[in-house]
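Paired with subunit B in one complex and with subunit C in the other, subunit A is shared by the two complexes that follow.
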Partner chain A sequence: MVINTQYGHIEIDHVSKYFVDPFGNKVLTVNDVTIDIKPGEFVCLMGPSGCGKTTLLRTIAGLLKADEGTIHLDNDLIEKPGPERGLVFQNPELFKWMSVEENVAFGLKARGVYKEQKDDVQKFIDLVGLKGFEKTLPHHLSGGMQQRAAFARALINRPKVLLLDEPFGALDAFTRTALQNRLVDLWKRFGMTCVMVTHDVEEAVVLATKIVVMSSRPATVIDIVENDLSYPRDRNSMHAIELKKQILEQLHSGEFSDEETYSDGIE
Partner chain B sequence: MFNKLFGTIALSNISRRKQLVAIVSICIIISIFLFVLVWGTLDATKAGLKLNQERHGADVVVYPLESKLDDSGILYSGVAQSVYMPSSILDEIDNEYVDSITTQYFLQTLPGGGCCSTELELRLVGIDWDTDFLVKPWIKDKIDTLKDGEIIAGCNVDIEGLVSLTILNYPMTIISSLEPTGSFLDDSVVCNIGLLRNLAKINFPENPDPFSSITCAMVRLDKNASIDTYLDSIIGISANVISVTDLQIKLQNEIGMFSTILTLLLAVIMILCVIAISSQFYMMIHMRIKEVGYLRSIGMTRSQLFRMFIMEFGLIGLSSGFFGSLIGMALIGPMINWVRSNLTMPVSVVDIKFMLIHLLLGIVITLMLCLISTIIPLIITNRLSPHEMITKGEL
Partner chain C sequence: MNTLPLVSSGKKITYFLPFLLALVDALLDLLIPTHIKVIQLGPHYFFYLMLFVAAWFLIQGVWAWISKKKEIKYQPTIKFTSAVLILSGVLLILTDKTMTLPKIYFPSVNNVLASAVSEREILLKCTFYSLRLLFFGIVIGGFVGIVSGIFMGWSKKVNYWAFPILRFIGPLPTAIWIPIALLVFPGLFSASVFIVALTMWFPCAVQTCSGIQNVSKGYYDVADTLGADNKYQIRRIAIPAAMPQIFVGIFSGVTTSFVSLMLAELMGARYGIGWYINWKQQIMAYQNVWVALFILATLCFLTIKVLFVLRNKFLSWQEGMIRW
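This part shows the complex of A and B:
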């Protein structure tokens, strides 16, 4: 297993993020979050739907700007998107008019290094198990295959950090499991820091070395759970089940308050 | 980053959205074609008038009462008339205000063939070389005199490869040609008035005595003489009289008015074009909002995005504008001929330089149109954050 201790150190320091609702009111989405993500760690951001974990992820990606606090990557302040932070979304977001090969090569062409690194295109296509589908257009691929192409496209740039926003959310259980295993393989091979948003506890337990449990909106950190289970992980092992239970309890404790649940009078 | 990709992305986006691109292209082609055609014709007309003002040596033109053409027709028209007035009219028009008078004798428009060694249609005009100030400024070569048997061809008379002609069975040598005048001279062959009168006597005996007839008299006034005073002094003569200056001013005003109206019309067309193109460009961007969001998310900056779209829309605009300019240019010639024939206005001849200038002008206008049309859609799009873009639209 490749252990990376050199790059991909993310320091999230007292970050808060507001959005303005249609009525002009400021809505706090992320509230004073501080997380220290070490190089090479696989971190899952867990929390109820709509809590703000995706907002936090996109702030790390540079797609959003923190209203308070700072985020540093290897001591560099994050203010805008960059190729050192690869992104994989829930929907693969492949370019529909480009083949798998062209989609994967896009990042190299964008950086102007295609000529020097064009051999990597086939390597990464093989790495994600899409050999033979190089010339195929995305709409001829299954959801899982498209997501694999999206991984290849993100990884070919050899990012320091891989940011994943519920990448398996749209897939069936079997495909999800297969891709989870593949993701772990890729992470072990390249050693980049991974930050993944998920609301699947089992997924977090199977993948992450660190699980950040977040409350419902506005997102705050309830707990940071270290997961030192060795890979490959058995999701049905005692340790895994206990960890799942621990996290679920913490999630429930940080879930909707009584006032929110019953504000409309429904019991 | 991305610098080498702009062209590829722009071209692939153009090829993917053929329908929208076609609509935009048609708008641009029509607008630019109209612009080049109208502006080119106006320019040619203004240039023709200006050239005529500079070189039309006469202040006053006197021509027969029986002439069926209006004043501007006599000055600028390509239609000549075998209508004559007696030479004695010169006595009536020559007075203390006159600097010099020159006369012309128009014989015929010969159809070519039997009478002549050429199939060319020849419009024969005789001038008095010693007194002439109308034709001389337009002669290309330096000539000291115009002898019997020598001819000067107007710019529209095709004498390519010819050195001599036989006209009415008389051998003539081509000694020079005229620069474009924008008048009937462009279609004429000029020779010595004495020779032409002789030929008229022999070949057209039914005409009034050519030695005592003229087609028109061009009067150049003394520098200090007022045209109005002179015109008053020759009131009552048995001929038509026109003030060249007054006519040119009148035409200038007419052209100016036309110019203003057409310019306003063109401006409206351009504004409509900008609105149409702008909305199409907006749609083309909006349909790709998620793609744009993805590009932003992998590090493309706003200015790079702007450049990418400018390149894309510039490619569309440039090709369409070029095509529209070519069509406009191709039709300028026929349009100018129509103006000359039907509106009796002086027009300059359209040469390669003129064409190129208007082709370039069309392209410049196209680029400006595209730039203006791009600004608003890009401003609207640029206001969105990458986060918002990714959550909107389709990839």
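This part shows the complex of A and C:
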């Protein structure tokens, strides 16, 4: 798949990350991960829940520091968070004292460019399909609508990279499919690099151009699967189902004994 | 607020219950002779007051009868106002008319009203002095409390040094500071303001600090990745997110401030409601004490009312607002 963007090249180079447990022991959560993410790619970090992929994502965001190794974005070392790397969590984390409009405008105001780019607010609200809800407070919105607002808020800064931490994990199947399609549209439109953490194999197959299959604690890369199916993707096509099987098998091979957890995923 | 019961037209007659009760109260004062041992200090103010109240509730009743909007507001208050009016009548009989209650502590209702009228000037002055003291104390104490709370909640360093101080001097009873305040401050007024401000400061600082510390970390993560610097995050995230708790601090600060207001006025102030109560109590003029108590209660009520209005304005975003 060829995507014509110049920005958003992420080089994850031998990154390891420890946490210190209550007894003072170092616990390895991310082990020597090396991934090269090309500009404009849609990468899914696949792996069992709690395997350390979120830690890796937060390290790319700059919210955590790598203990070993480096992450570069377009040849700049990542040391702290920045507006060129947007982030959307599973929990929308909308500022609940602000209306949808104010939430979306937050990035512009924080960077002091609100005056020049005021019109973007409405534009991005329309893009995520929240027209008519500009003045609504977050707690009056459904989970899916809140997540839409969170997407608009992250995208208004026109990030080179959009980091997604299981953004559809808490949504019902119908809303999830609708938002997955919307995300593909937005990604096609803006061409930013997307890195998404998920443990839903189907989601990865439907969205990603590249699937990074990871093992559990510490997170290590088992395999990187290229996925060149054309968009819009049919999640029930032969190819998609085969890919799903392949990835599930790889997840099993990287797992020690947790058989049951993953057999749930096979239909 | 509870859901309102459906108003049936048969019940509408109760809209005039307060009016009728006030009228009965007025008639009680007019028709039953006052106990011979009561030395009347003035005319039958109770009678005139109740006539005024009756007229007031007649208007309310008619208004509610006509306007649906007024009806919804007025209807739930009827029970309470009626009870208050019945109690007023009972009190009149127990004091003025029969002197059943100990007369020193429960003086004639008419005499209480009479002393309110005759001392209106000094009472007004005292109210003004108390309000001024309360205002300066609350504003200064609240401001310092919220600002120090923000810094302690935000910065670990400030918290490390300031929190022990807060914990150490915060819970001390205000009265302990009176001798020191008198020594340190140049005038009585500034010393009194300090005492009131100190009581306001503690709950404001504690609640603001804990409010800021409890802001969901996810907000800061999002703000970080949206390009907001520290200053912007304090202003736009930490403070608004902590606002519900800041209000709890202000609320508890204001209510305890009334206590220290009384204390501060006992330090030898020249005017003020606390001072007035103390003076009248010493000369056993309990009718005046009752008047002052009533004024004080009204002040507290209004202050809290103002707080409610402010809270509704600033915290309308809250999901299922905390009810006080």
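Keep this in mind: the second predicted complex is superposed on the first by the 253 of 267 C-alpha atoms of A that agree within 3 Å, B and C clash if a C-alpha of one lies under 4 Å from a C-alpha of the other, contacts with A are read in each partner's own complex, and residues count from 1 in each chain.
In this section, a residue touches a chain if its C-beta (ideal position, glycine included) is under 8 Å from a C-beta of that chain, and two chains touch if they have at least 3 such contacts.
What you see is a predicted model, and the numbers here were worked out from it, not measured in a lab.
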item	value
Superposition on subunit A - do subunit B and subunit C clash or fit	clash
Which partner, subunit B or subunit C, touches more subunit A residues	C
First (subunit B), second (subunit C), both or neither touched by A:Lys96	both
Which of subunit B and subunit C A:Leu137 touches, first, second, both or neither	second
Subunit B versus subunit C as contact partner of A:Ile35, first or second or both or neither	neither
Partner chain(s) touched by A:Pro83 [first = subunit B, second = subunit C, both, neither]	both
Subunit B versus subunit C as contact partner of A:Ala105, first or second or both or neither	neither
First, second, both or neither for A:Ala61, with subunit B first and subunit C second	both
Colliding stretch - subunit C into subunit B, listed as 97-105, 205-213 or 277-285	205-213
Subunit B and subunit C contact sites that coincide on subunit A, given as residue numbers	61, 63, 80-83, 87, 89, 93, 95-97, 107, 109-111, 157
Residues of subunit A touching subunit B in the complex	58, 61, 63-64, 80-83, 87, 89, 93-97, 107, 109-112, 157
Touching residues on subunit B, where the partner in the complex is subunit A	1-5, 8, 12, 16, 290-291, 294, 296-301, 385-387, 390, 395
List of subunit C residues in touch with subunit A within their complex	216, 218-219, 221-229, 232, 236-237, 240-241, 243, 317-319
Touch list for subunit A against partner subunit C, complex	61-63, 80-83, 85-87, 89, 91, 93, 95-98, 106-107, 109-111, 137, 139, 153-154, 157, 163
